[in-house]
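Below, each structure is written out as structure tokens.
In the two assemblies presented below, chain A is common to both, partnered first by chain B and then by chain C.
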Partner chain A sequence: MSTTATWQSRRPPDLTTCLVWSGALAFALAMLIALGLWIAQASPAISEYGQTLVTGQQWFYRHQLFGAAGMIYGSIVVSLLAFLLATPLAFGTAIYLSEYLPAPARPWAKTAVEFLAAIPSVVYGLLGVILLRNWMADFLSPFDPLSGDMLATAAVLLAVMILPTVTTFAEDSLRTVPAAQRLAARALALNKSQTIRRIVLPQAWPGMVGAALLGIGRALGETIAVFLVIGRLDNQFPDHLFNPSLLIEPGQTLTSKRGGPETHIPMGAPLHWGAILSLGLILLIVSALFVITGILLRRLQKTRS
Partner chain B sequence: MRNPFKHLMHTATALSAASVFTLIIAVAYLIISRGNHAITWEFLTAESSEAGASGGIRWQILGTLILIVTSAIVAIPFATALALLHSFFLKPRSLSRRTLGFTLQLFNAVPSIIFGILGLIIFTRLLDWGKSWLAGGILLGIMIIPTIAIMLAHRIAALPRAQIESATGLGLRRGQIIRSVIMPQSVAALLSGTLLGLARAAGETAPILFVATIFSGATMPAGIKDQPVLALPYHIFVLAQDSFQDSARANLWGSALVLVAIVTLLSALAIPLRHKLHNAADHA
Partner chain C sequence: MLKLHFKTWLIAALLAPVSLNAQEILRINGSTTVNPVVTESAEILKKENGLTIHVDTQGGSSGGISALGDGRVDIAMSSRPLNPADQAKYPKVKFHPTKIGADAVAMIVSKDVWNGGIKALTRNQIKGIYEKKITNWQQVGGPNRRIAFFNKEPGRGTWEVFAKWLYGKIENVPPVAHPEVGANEEARNKVSTSHGAISQLSAAWADGKTVFALAIQSDDGKIIPPTAEHIAKGDYPMSRSLWLITNGPPTGNAKTLIDFVISERTHDIIHKHGYLTLADLK
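This part shows the complex of A and B:
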């Protein structure tokens, strides 16, 4: 294309070219306008409350108190716990699929993993409400939780939900390491395990970390399943950050808050509505940090190999 | 035992894979074993009654179909334009192409609840609509645009450069090249991307929660504004929160099985197309 662009540009653009550009630009413009409207409607709350929207530990909308610290805590703790539970399993599975499983079986195995990814989050939520909630309450009964609605249940459910995402992305990264390098390593008398540890993993590592970060990004944004099992109790913030006792209590995340009735109530109250929209902005920023780093790491690894 | 890692790596990874596949089988078994009692022809075709405790899920299935067909109609033109822009109009390895690709990937990861709130901002506050199937279809369509665009863009970028160069050499204009060289070879990618996007759209609850669906009382929409639909994900979402009757439970699991079946069918239809694409790319 680069060789032909010069003489083509001397002709006036044809209809298809115009359609492609206008379609793409219209979409970009619409999304920018949407983001602008979002920020504009959030701004009354942002200018009124400033950083207490993020750092405030109390959210009582009847008293015009809008502090999201409890929800931010809930989102981060639940997502990190899901990450800790899912990533070792996902990496192990990815290594097995990519390095040990015979090549003809690989597409079937990947299809099975993708089935887990395709199940709608409301169905995971249903499994959580009817089964996992009770299992978790029994499993953690030594610690005497009030019910199965707790941060830990949401974390386990999220771990299952991000497992296929992390597995397939990590497996992709492992497959981008050229097969010739594995053969060369074997020819140098490294055994399979040494080949994986010394040749494959060091090269695939950035992409695999990227896969895990995309998993965290997905966990942060998941709404419906978390909503159904987390108990939705506001203002749960620990007295010190590493106190695990809140894990077996109900809580609230940035997403579960907005799945609830409070998204409908404040349509006429600019401050409350602005605060709800600010939660969305916080979520967008936090999840974008993980997703952008994840995408960049995966690209870095792909261009290297 | 000179090297303790020799078998450890194999065993540990095999164990993780075994547990993941046990999990997959367990999830599939739970959904099928609990749902299949409810599935009868009557359940699929009757209206629901007694707040979901009896009757069927006819309008929920139909509402979900209305939503995803609308979303496909909304998404395909924009996704096609974005994919052509990415892989045909912008130069390979140029900054603009990489930025567009990156943006599409980023957009693909936007949490679905964001689209639900966006619907409130645009359709409820700005346009003053009531709950409307079209609002839901548009939101789901916007959500799946990057899924379709990324798949199509990959396919177009993988087409042999020589074909496009020969077409240019023959004096074809860009529009003619798109219509007679690029798109005929990329329709399969467009279709499989759309199917995967629809599989996601069919199962999403968060984008349609606020602006498109109600729990009961809607049938075939007769207009646009103030014409909601019923939808399977929302039906399950509501029943999961407040159904404690056994018969409602059975219907709830039945609805979940139908939804999973729809989603799996849409994704499964995309698989042969994807394999065909892989083969085509290998032989090119």
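This part shows the complex of A and C:
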């Protein structure tokens, strides 16, 4: 075995390998350069304000206050809520598509779901402005929200937006479980729901978690749809972390802030510009934390089984 | 053969932006208030002179001025005057404003507020609402309904005119956060679909059907609505000039457009959108 490996490594690399590697390296290098430029431009603000960029609860650029806590809170709460709303529905739909729907109907249903995933987010955003804002204001009227612009509205809109993405990837993952195993389960007298729970889901689970993570990633990065329905109210931070009352208030996310006019204003003002770019870095870190959590969860799952 | 085709296409795709640039597109960015007048003028010039004009409203007036300062556009549309801070940010740029007309900033309210009897507010009442000292319409003689204030986002000419009227200088504006709205269309849409809502909006955009322009009650009790008459006389407090700004005196296509906008031919367009022409102001 080891001799084969040495022989392979001594062989001059072929053209395809060279192309793939140089492409990958060029891409990685471009990303690193972009990240480096980004950090360089953010650094005046980072060195001036330090951790208050993350922990500060006040953002008033005219008063040189740059605290992103309200936006971080907004981003995380809206994405998590969207995730909680969308994932059960998406997994349910995926299981139905993969296990229950008659085979001839499946491609049609799958195409329909993927079509939903392909709708540009600004369309969802405008539907949110025209319909969802008013529905949410009526639906939550017992709690007397100020208007239809709420964190909750943004979360519901995001849930609708990530639903098709999560569904289609979860379904892909379910389809990777070989049909022979389902037949074998039937032969062992397991019924349909037992087959799904004992045979299919355990094998498809890591892929389904991956699908849900992709959904969170999309929710965190979504800008324009959130921008249109969240109300863009700065500095909303709860007095205690699980206070739900802010959900029916307007708020701000890292992306909705960056979608706003403040990216056009600070040209020539390095501190303000740096603070705006820091928001992007914070978003990058928050997304990375979610992805790493997901990978760890999957690893935990694997070691347990 | 196929590969050759692919290469040709690739080269064509790479060259396309270059050849487009060669056509000299006139790039314009800025105020959503000035935008309809400029866009309609651009359409006429496109037909008559074959000019290609791109009009955008990223970031409002300040966004337009920044874009002009950076050299990303040829003309900035602005609904606020240039200020020393703009010049300080772009010391090398010779901002050259051309006045094209006038407009007023109105406080607009949603239907329930208007029908609830609020037709005018004083400066102090508006200040109280902005600073969240007045939070219910009952406190100013209206219905029992919480006040939903939609603030024009920073950088918008509308907001700056409003802020200067209330606080004199923008630096004096206290740090209060409100939900924000951007373009005029958005302000109008959000106010008309919310209860107890108020916002600042170009008076010309207050249609009197979905959103309603309040009059300003002066200290001596006079009620002054934002009508053309009061804007021209200058006694409506939040009236403002509309500008097209260039780097140095306008030349070439920029001059063609600006000359057209300030000519008599655009009077109907300007009036149609509810603004005042230079002739009206004389």
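Note that in this section the second predicted complex is superposed on the first by the 259 of 305 C-alpha atoms of A that agree within 3 Å, B and C clash if a C-alpha of one lies under 4 Å from a C-alpha of the other, contacts with A are read in each partner's own complex, and residues count from 1 in each chain.
By our rule, a contact is a pair of C-beta atoms (placed from the backbone, for glycine too) under 8 Å apart; a residue touches a chain by one contact, two chains touch by 3 or more.
Every value quoted in this text rests on a predicted model; they were computed, and no experiment measured them.
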If touched residues of chain A are counted for chain B and for chain C, the larger one: B
Contacts of A:172 with chain B and chain C, given as first, second, both or neither: neither
Touched partner set for A:160, first chain B, second chain C, both or neither: first
Touched partner set for A:146, first chain B, second chain C, both or neither: second
First, second, both or neither for A:260, with chain B first and chain C second: second
Partner chain in contact with A:15 - chain B first, chain C second, else both or neither: first
Which superposed partner A:118 touches (first chain B, second chain C, both, neither): first
Partner chain in contact with A:129 - chain B first, chain C second, else both or neither: both
First (chain B), second (chain C), both or neither touched by A:100: first
Those residues of chain A which chain B touches in one complex and chain C touches in the other: 129, 263-264, 267
Parts of chain C lying in touch with chain A, wherever the complex brings them together: 58-60, 62-63, 66-67, 69-70, 89-90, 146, 148, 153-156, 170-171, 173, 175, 177-182, 189-190, 193-197
In the complex, chain A residues that touch chain B: 1-5, 8, 11, 13-17, 19-24, 26-27, 31, 34, 37-38, 41, 88-93, 95-97, 99-101, 107, 109, 111-116, 118-123, 125-127, 129-131, 160, 163, 167, 191-194, 196-197, 214, 217-218, 220-224, 228, 255, 258-259, 263-264, 267, 276-277, 280, 283-284, 287-288, 291-292, 295, 299
Chain B residues within the chain A interface of the complex: 3, 5-10, 12-17, 19-21, 23-24, 27-28, 30-31, 77-78, 80-82, 84-85, 88-89, 91-92, 102, 105-107, 109-114, 116-118, 120-122, 124-126, 142, 145, 161, 164-165, 168, 173-175, 178-179, 199-200, 202-206, 209-210, 233, 236-237, 240-241, 249, 252-253, 256, 259-260, 263-264, 267, 271, 275
Interface residues, chain A side, partner chain C - complex: 58, 60-63, 65, 129, 133-134, 137, 144, 146-149, 231-236, 250, 260-265, 267-269
